[in-house]
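One chain, chain A, appears in both complexes that follow, with chain B as partner in the first and chain C in the second.
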Partner chain A sequence: MQVGLFSELINRKFQNIAENRYREIVERYREFFLSEEELVIPRIFRVFMLLDRYSEKPNDDVYETLKAYPSARVCLLYVVEESLVRLVASTLGDEEAEKLRTLEINFGNNILDEVESRLKEMKFEVERRFVFGVKAEEPLKFKDDCDLFIISKHYGSETSKTYPVSPMVYRIVQHIEKPIIIY
Partner chain B sequence: MKVLALIDGSKWSQKAALYAFSVARGRKAKVVLFSALDRREARVIAFQLSMRRGSVKEMEQFEETAWKEMKKGVKEILTALLELARDEGINCSIKIVEGDAKESILREANSGSYNLVVMGAYGKSGKTRIGSLLEEVIGLINPPVMVVR
Partner chain C sequence: MPVTAQEIVALSIFTAVYAAIMTEKLHRTVAAMVGASLVLLINIVPWEKVPEYLDLNTILLLAGMMVVVNVSRESGLFEYIAIKTAKLSKGNPMKVLLLFSVVTALVSSFLDNVTTVLLLTPMLLYITRQMDVDPVPFLLSEIFASNIGGTATLIGDPPNIMIGSAAHLGFNAFLLNMGPIAFVDLFVTVAIIYLVYKGEMKSHGEREEAIKLAIMSLNEEEAISDPVLFRKSVITLGLVILGFFVHDRLGLEPSVIALSGASLLLLWSGASPETALEKVEWATLFFFGGLFIVVGSLVETGAIAQLAGWMVGHISGEGGAVLIITWFSAFSSAVVDNIPFTATMIPLIKAMGGNLNMLPLWWSLSLGACLGGNGTAIGASANVVVLGIAHRESIRISFGDFLKVGMVIMVSTVAVGTLIIWLRYIGL
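What follows is the complex of A and B.
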């Protein structure tokens, strides 16, 4: 019955257009109309939370929102920029690069432990991944495999008052078709 | 918990409202469907129409008509969404303000009343690009923002 609300609204606007023509127009302008198939309250089964050295820890509002999807499986992905490790290796040597790698692994695992523990307290099923890769590209590998992304405004780089959202976050928002919570 | 859904009349903002409802349903939260109407938009429409017709005589009349249509259009959409929410048992209300969209949104979103803001990634121009309003406000909104595509 609810579905009819929007059909009625559209029909009123197109009342003088015959059926075939109506369908043609609605198809052509579909990015402007919410179709009946799309008029469904969505369900979330899989959540992807991105973390890195610059990310703020998820705040209480993020956890409160997640509680709306108690049966969702949450995947935590911590990404370290591989090119940074390569840069250190080529300038300061392999030993320094290895030290950096170890420090990053410890730092990242501490954050993952903290977030995982909070989610488990909330009875979420949690999976965690730690990768050395390209921060802007790693999340895109999972874009078809989840229903909701969660990302800090600071993911990928330092931010400032003038630029409060990291450019990498904008890039990810542009490339992922799924809803994204930015905190 | 209280969720603010920003509605500009676009398909994307309506999808955003559906996500706000999905959070509300799971958390028994309240949803506020919020729309900021900026008269300057009606002025732009009136100006462009007058220029195309090659006459500025009817510009003010066009502006008045466009403004009335904008208000009527957004009210229709908000009412339809409100009915959908109520049919689903979701606690939902409508708030329409007149003024600069960015300022109105930031004032409302940062009022301290909301735990989540939900908005569409695109505006009324469709999927030509990620909405410029989104880029302007996203970093300035204090609660988490869910961007819907």
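What follows is the complex of A and C.
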């Protein structure tokens, strides 16, 4: 009873002295205080890094960001568009298609070697995969198993002045609900 | 000496106004204005005496500072200070306690306590939430620091403005006499809070980095909404403070300095005077005005002179007067708003003068009236504001919880202050 009485008194006094000014001040502070959601640091156990012929190699900022999750496992996926190999086979023949396949495998493995060695230097556990498939669909097979996706803005096609990010990246991003870093 | 009918009426109105202010059943401004109107209507205070009782120096000093603070506030200056303080603490609870107490005391010594705690409390709550610690010790420390900081200067707390105006004591006189007391008391207070709430001051080792990150991600530059006004505000506030330091030498009243600062900032910033003056707390100024007239009615009827005569007859020397005024003021201010209390005590102390050295009596009143507010949850406006904010954020600090710590702080800080005044003016 007594506590209620005093809390009512303090409330009345507060309303008379400062209520309006307090509202204004809190409103201003809200502009630069982080919200509860913004303050939750996502827990990252598995990182998915997507690569292809068009992708730029991950830059220093990407590696720097990865340092925040030292216990995460990194999955590297290099994708070659299978329909392209099939198209070459049907138009130029199997021999040319095989040449393309070999070239792609060598090119992709070189990139994978480079990225893997950099990640291993940083003490990350790395798994690598090389697939021939549909570039827009292969990454989606991993969308539930990974906590963070890293993708180059050039993945899938060259960019242009009109499209600073490749349309393939836009398409993939729409289907993934996990945090994504586009570099 | 028989009590006259006029005295009874004046005392009744005065008591009713006090009761209304204490219970806040009526807005304090309304209570003071109704009281003032009544004593003017029944001619206890004749109209021609109004300018004598209405302390324009106090009212205009408050008005001038309100304009300076309100225009500066628009630039984001005070949020900038709050973020800087938060970042300096780096999420360490002990550093947060110490830094926020020091900054609150420092800002309170130049701005009014309500504005100071209104601007710093949201930031303090944000940090304690990040640190995942009990915010209560930090909020209590902020309240006490604000009241202690206000004691240090002429412009820090309304009782000091009123005392300075009535006793013609300048900014430097307050700083030299009350400043050292406030300085020692601030560290006594932080030490007591630390001892009482030691358990809450531990940092969360494993989460320290995340806490630091959340606090360091605040950007003080974002708080500055108008960089040009920000610079002009800092310069004007600096000039105003400098003006207070030299107002005695220039032969100017502190209110002239505050009004000049307000005019300079309005002229220089191009801020709309309508907007700036809209934010002046007219209710507070009218509260002061009404109160001066209600207390004037006690002077006019001779009630104050009679009480002063009785007190002089029962007090032996300055030492006794210092002790009685200090402790009576402290305990009274813990219960009654210190503004009406000081308004009543000023004519009483003036009437007691004659055979006594008045200086230590004024410092005693300032000490008791300003620090007495720390005693209870309703003792000072800063207490009410911080507790009101805490209530809105679902943080419960009961009257009893406050009383336990507040009384210890009040008695300790007033005792330290009394000792310093005693050593300075009475001697061993």
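Throughout what follows, the second predicted complex is superposed on the first by the 143 of 183 C-alpha atoms of A that agree within 3 Å, B and C clash if a C-alpha of one lies under 4 Å from a C-alpha of the other, contacts with A are read in each partner's own complex, and residues count from 1 in each chain.
Keep this in mind: a residue touches a chain if its C-beta (ideal position, glycine included) is under 8 Å from a C-beta of that chain, and two chains touch if they have at least 3 such contacts.
Remember, it's a predicted structure, so these values are computed and weren't measured experimentally.
K.L.:
Classify the contacts of A:Q174 with the two partner chains as first (chain B alone), second (chain C alone), both, or neither.
P.N.:
first
K.L.:
Tell me the contact category for A:T91 with respect to chain B and chain C: first, second, both or neither.
P.N.:
neither
K.L.:
See if chain A has more residues touched by chain B or by chain C, and give me that chain.
P.N.:
Per-residue touch count on chain A favours B.
K.L.:
Check the residue A:N106 against both partner chains and state whether it touches chain B (first), chain C (second), both, or neither.
P.N.:
The answer is neither, since A:N106 touches no partner chain.
K.L.:
Thinking of the overlay built on chain A, is A:R28 touched by chain B (first), by chain C (second), by both, or by neither?
P.N.:
It touches chain C, and chain B stays clear.
K.L.:
By the touch definition at the top of the document, which applies to A:E64: first (chain B), second (chain C), both, or neither?
P.N.:
Touch partner of A:E64: chain B, not chain C.
K.L.:
Can A:P42 be said to touch chain B (first), chain C (second), both, or neither?
P.N.:
first
K.L.:
Need the overlap of the two footprints on chain A, from chain B and from chain C, as residue ranges.
P.N.:
2, 6, 9, 31-34, 39, 41
K.L.:
Using the touch definition from the top, list the residues of chain B that touch chain A in their complex.
P.N.:
Its residues touching chain A are 1, 10-11, 14-15, 18-19, 21-27, 29, 76-77, 80, 83-84, 87-88, 115-116, 121-122, 124, 126-127, 130, 135, 138-140, 143-149.
K.L.:
For a test of understanding, state which residues of chain A touch chain B in their complex under the given definition.
P.N.:
Going by the criterion above, the answer is residues 1-2, 5-6, 9, 31-34, 38-44, 59, 61-62, 64-65, 67-70, 153, 159, 163-165, 170, 173-174, 176-183.
K.L.:
Help me check something: in the complex, which residues belonging to chain C touch chain A?
P.N.:
Of all residues in chain C, those touching chain A are 23-25, 27-28, 76, 79, 83, 114-115, 118-119, 122-123, 126, 130, 210, 214, 217-219, 222-223, 283, 377-378, 381, 384-385, 387-389, 391-392, 398-400.
K.L.:
Once bound in the complex, which stretches of chain A touch chain C?
P.N.:
2-3, 6-7, 9-19, 21-22, 25-26, 28-29, 31-34, 39, 41
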